[in-house]
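Across the two complexes that follow, chain A remains constant while its partner is chain B and subsequently chain C.
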Partner chain A sequence: MIITAILTMLVIWCLFYGAVPGVALVCLCLVMGGFLAVVGRHKHEGFLVIDIIAQRSQLNKINSPLKFWTVLILLFLCIASRSVVVGLVLMAVMLFLTVAVGGLELHDYLSLLSLPVSFVLISALALLVDYGSSPFGVINLPVSQGYLVVSQAAQLRTALVLSKALGALSCLYLLSLSTPMPEIISVLRKAHVPDIVIELMYLIYRYTFVLFEMYRSMKDAAKSRLGFVNFSTSVKTTGKIYTNLLARSYQKSMNNFDAMESRCYIGEIRFLENKKELSRLHAIVAASLVVIISGLTITLH
Partner chain B sequence: MEEILRFEGINFSYEEDRVALKNISVSLYKAQKVAVLGNNGAGKSTFFLCCNGVVKPQKGRMFLRDKEIGATRKESVYLRQTVGIVFQDPDSQIIAGTVEAEISFGPMNLKLPEAVVRSQVEDAIEKMRLESMRTRAPHYLSGGEKKRVSIADVLAMNPQLLLFDEPGASLDPENTLLLERNLEMLSEKGLGLVIATHDVDFAWRWADRVLVFHAGELVADADPEAVFSDEELLRRCGLVQPTLFQVGKLYNINPLPRAISDLKGR
Partner chain C sequence: MFKWTKKEKRIMTFSVMIAALLATSQTVYAMHIMEGYLSAAYCIAWGAVSIPFLVAGVISIRHTVQKKRRALILLAMAGAYIFVLSSLKIPSVTGSCSHMTGTGLSAILFGPMATSVLGIIVLLFQAILLAHGGLTTLGANTFSMAIAGPIFSFLLYKAGIKFKLNRKVNVFIAVALGDLFTYCVTSMQLAMAYPSESGGVAASALKFLAVFAPTQVPLAVIEGILTVIIVMGMESFAAPELKEVGFIKEGN
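The block that comes next holds the complex of A and B.
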């Protein structure tokens, strides 16, 4: 989380330098960075609990296809927009829905977001900074015989890309933190996504957890025998663990196929699905959100 | 006793030099409790896969309710519906994202109407007491809970004969006790139960009949007392006598105690 906070401060500094007065900019950087460092709480293996969060979310009661299609439309609007406002509004709305309505703790939300946001911020830095022979930007840092330059055009371009990326991420997080994965897969099946893709999704989803558990136990066993005592041993141990994991996963896949065959598997995976009623209120709220964001996308084009 | 499955001279090998089952002839009956013993690699798991039709014997004949089973899809489905296997590792068996969906996998493959699938799933959930975890993802369940889900998986297909491959492996004492209660309940409902195990004490107190496999051969098929009295057989197959059996022999208790409660008052 500290890395995300530092990256955030750096990106805000580069993004608003020249547009916001110096003192205000320092305050903004410190407030944002400090907020992320203090409120955000980094958790290892956070992805393993996504399903539990989704199950517990108050938004889990909402009809899954309604959620899925609404999020998908909002995602497209966010990507199609030519204004930073749309992405920022979506970020705020999704944060409100996931945390205030869904009931997820703010620090958990930030912790889950921290990893993809860090990648987005690193990409933003790459977009912001150019290398030139003359100091043509708002920030010019002499390096070797040239300059690291942040130009106004790069600031505008990055702000738009950043707002789109963060808006889209927030949309996807609303969906994944309020809808268990099997329900999302079920919606995709109804949307006529090919069966082979659906079945692979089911198996990949399930076996991510099984293989991770296997990996964790192998790693603990290696640790208990000083397998990670220094760098070179760690590299060798990691290689051996991955080799073993590959062999075990192959064995597991064969056992799994036998188990499926023993229950009359004939080439297609089907499960019983429970339908969640579509409430009129939810449909109205979703439609209103889509109309508002569409309006913003069109008017701010 | 009503016969469900019969093997006549079954042979199976994974590779030419690796014979897994040699000339197996055996019958399995409804409402019978059978323990299958044998050291690792003796052929117990292959025998189970053969019983369910996942592995096709290369030689010999199989009869399901006195009707010979061939290799057609219809016959395979009938066999797999009648004879269910609960695998040793639930993680090799469970594939769905929720407990309820997982249990519905078998009945859905049988192409039953949705209402029937729901009723069979409900029935299996109730039998295995999984009501509170029906919407939970299997990867968040404990080992004992996963084992109950894997049993419910097979129960939902309404089998007549249930095969368990080392069901007590990696279970804590509390869950082992719970498993034994569930086995008792299933037996009372008239299901034939066949359990592969290394636990001779369990086989002694639970089984009506014991099958012993050694190097792919069925070397004994008798009641528990006859099997555990044959010291030469036990030595050859790497087995030992159950504790209560030894206690009974040591103190000349007749009949031999099957459970601790049988020693009451002595």
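The block that comes next holds the complex of A and C.
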């Protein structure tokens, strides 16, 4: 988490250098970095935390096709926009919806965001810094024969890309933190994704939990026998656990097939889907959100 | 234009070094392009490029399943296996937590056709359940991670068999180079979307390669080693299963 904070500070420093006076810039960096370091502590406990949050979310009650298509439209509007504002507005709206309406703790939301954000920031660094033979930017750092340059154009472009990426990420999070996987799959089924892919998706989702349970017991067994005592041992142990996992999952799938066949499986599986009524209020909110964002996307440059 | 004092330069160099050092010791996933990182045109273009491969994959899976119904269950288990593998921490030298791709293993075990379909499903799951990758960048990620990388791994593996390379060396080379190839393709995709001001696409590609090298190169090596252990282990105590798994590949 501290790494993300430092990276954030570095990127912000390069991003606003020259545009914001020195003292304010340092303050901004420290505030953002400190905020991330304190609030969003990255934890690595449960498996598929997002899935659990989605099941608990208050937004889970909303009709899932509505959520899915609205988020998809907003995503495309966000990446099509040519202004920093759209991304920032979406970020704020999604934060409000997920935290205040969905009932997720702000701390959890930020710590979940910190993982993809660190990747976005590393890429932002590559966008910001350029290598040239002449010092044409706001920040010029001589390296061997040339300069590492941060130009104003690069700053503007990076700001746009960052805001779009963060806005899009928040949109994706609204969907994934409020909609369990089976419902997303059922939306895809209605969108005429081939049956065989849909069946595969349902089964993969279910087997994931079976496999993870298997993995956990194997890992605990190996750990209690000093299987992770040093690096080379842990590589060996991990490899063996994965081998065993593959062999066991194969046996499990064969048992599963026998069980299905004895229950009249003839090559087609349908899963029960919970129907959630489309409420008028939700539809209106979604529609107005789409209208506002598309308005912003079209008008702002 | 202002002049840097010596102290300022030193501070800047120090901060860059810290960033480089620390960036290596954090959560390392295989290189996905994050949500919102590509403009709409590129999202659609990469998606379109991936479609033929996916169609071929779906058709091949459908044929296999018609011939042998067990295959569907087996494929689903394979997909779940790849997804679980990609969400687990693997040991790493720097104390970071790295994650495997698993697509190289899948290409060797199940062939590139099936891997493309399993790959897009796994990528979708990763985007939604692990917040890695994204819905708009699904096409680009599918191309680099589920199509280009696995096909490259598979070709290397086949070539290795033809030239009678040692099994372990062959698997290692196929998987590690496949991973590196994926990382190069992703860097190219990012560079094409964001060419550098002074040097165009090539310079930009170099920048992305450089920024991600400290995380991706060790990952490729470790994934190669792990896959060797997995494949060897499978051969020593799960040979009949492996043979059975092979029929999926024959169906392609």
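Here is the rule we go by: the second predicted complex is superposed on the first by the 297 of 301 C-alpha atoms of A that agree within 3 Å, B and C clash if a C-alpha of one lies under 4 Å from a C-alpha of the other, contacts with A are read in each partner's own complex, and residues count from 1 in each chain.
In this text, a contact is a pair of C-beta atoms (placed from the backbone, for glycine too) under 8 Å apart; a residue touches a chain by one contact, two chains touch by 3 or more.
These figures come from a predicted structure and were not determined experimentally.
In the superposed pair of complexes, A:256 makes contact with chain B and with chain C alike.
Within the superposed three-chain model, A:123 lies in touch with chain C and out of touch with chain B [touch as defined at top].
Touch criterion met: A:115 reaches chain C, while chain B stays clear of it. By the touch criterion stated above, A:52 is placed in contact with chain B alone, chain C being left untouched. In the superposed model, A:181 lies in contact with both chain B and chain C.
Of the two partner chains placed around the shared chain by superposition, chain B is the only one that A:264 touches, whereas chain C remains out of contact. Applying the stated contact rule after C-alpha superposition, one finds that A:280 touches neither chain B nor chain C.
Legend: residue contacts after superposition of the two complexes on their common chain; A:154 is shown touching chain C, with no touch to chain B. The partner of chain A that touches more of its residues, comparing chain B with chain C, is C. Of the two partner chains, chain C is the only one that A:245 touches; chain B does not reach it. Looking at chain A, you'll find residues 48, 51, 181, 203, 205-206, 210, 252, 256, 260-261, 265 touch chain B in one structure and chain C in the other. Listing the residues of chain C that touch chain A in their complex gives 1, 4, 9, 12-13, 15, 18-19, 22-23, 25-27, 29, 32, 34-40, 43, 58, 61-62, 65-66, 69-70, 72-77, 79-81, 83-85, 87-91, 93, 97, 117-118, 121-122, 124-125, 127-132, 134-136, 190, 194, 196-199, 203-204, 207-208, 210-212, 222, 225-226, 228-230, 233-234, 237-238, 241, 244-245. For chain A in complex with chain C, the residues that touch the partner chain are 2-4, 6-7, 10, 42, 44, 47-48, 50-51, 72, 75-76, 78-80, 87, 112, 115-116, 118-120, 122-123, 125-127, 129-132, 135, 140-142, 149, 151, 153-154, 157, 161, 164-169, 171-173, 175-176, 181, 184, 194, 196-197, 199-201, 203-208, 210-212, 215, 228, 231, 234-236, 238-240, 242-247, 249-254, 256-257, 260-261, 265, 267. Of all residues in chain A, those touching chain B in their complex are 48, 51-52, 55, 180-182, 185, 202-203, 205-206, 209-210, 213, 252, 255-256, 258-266, 269-274. Note for the complex: chain B touches chain A at residues 49, 52-54, 73, 76-77, 80-81, 84-85, 87, 89, 91-98, 100-102, 104-106, 108-110, 114, 117-118, 121, 135-140, 153-154, 157.
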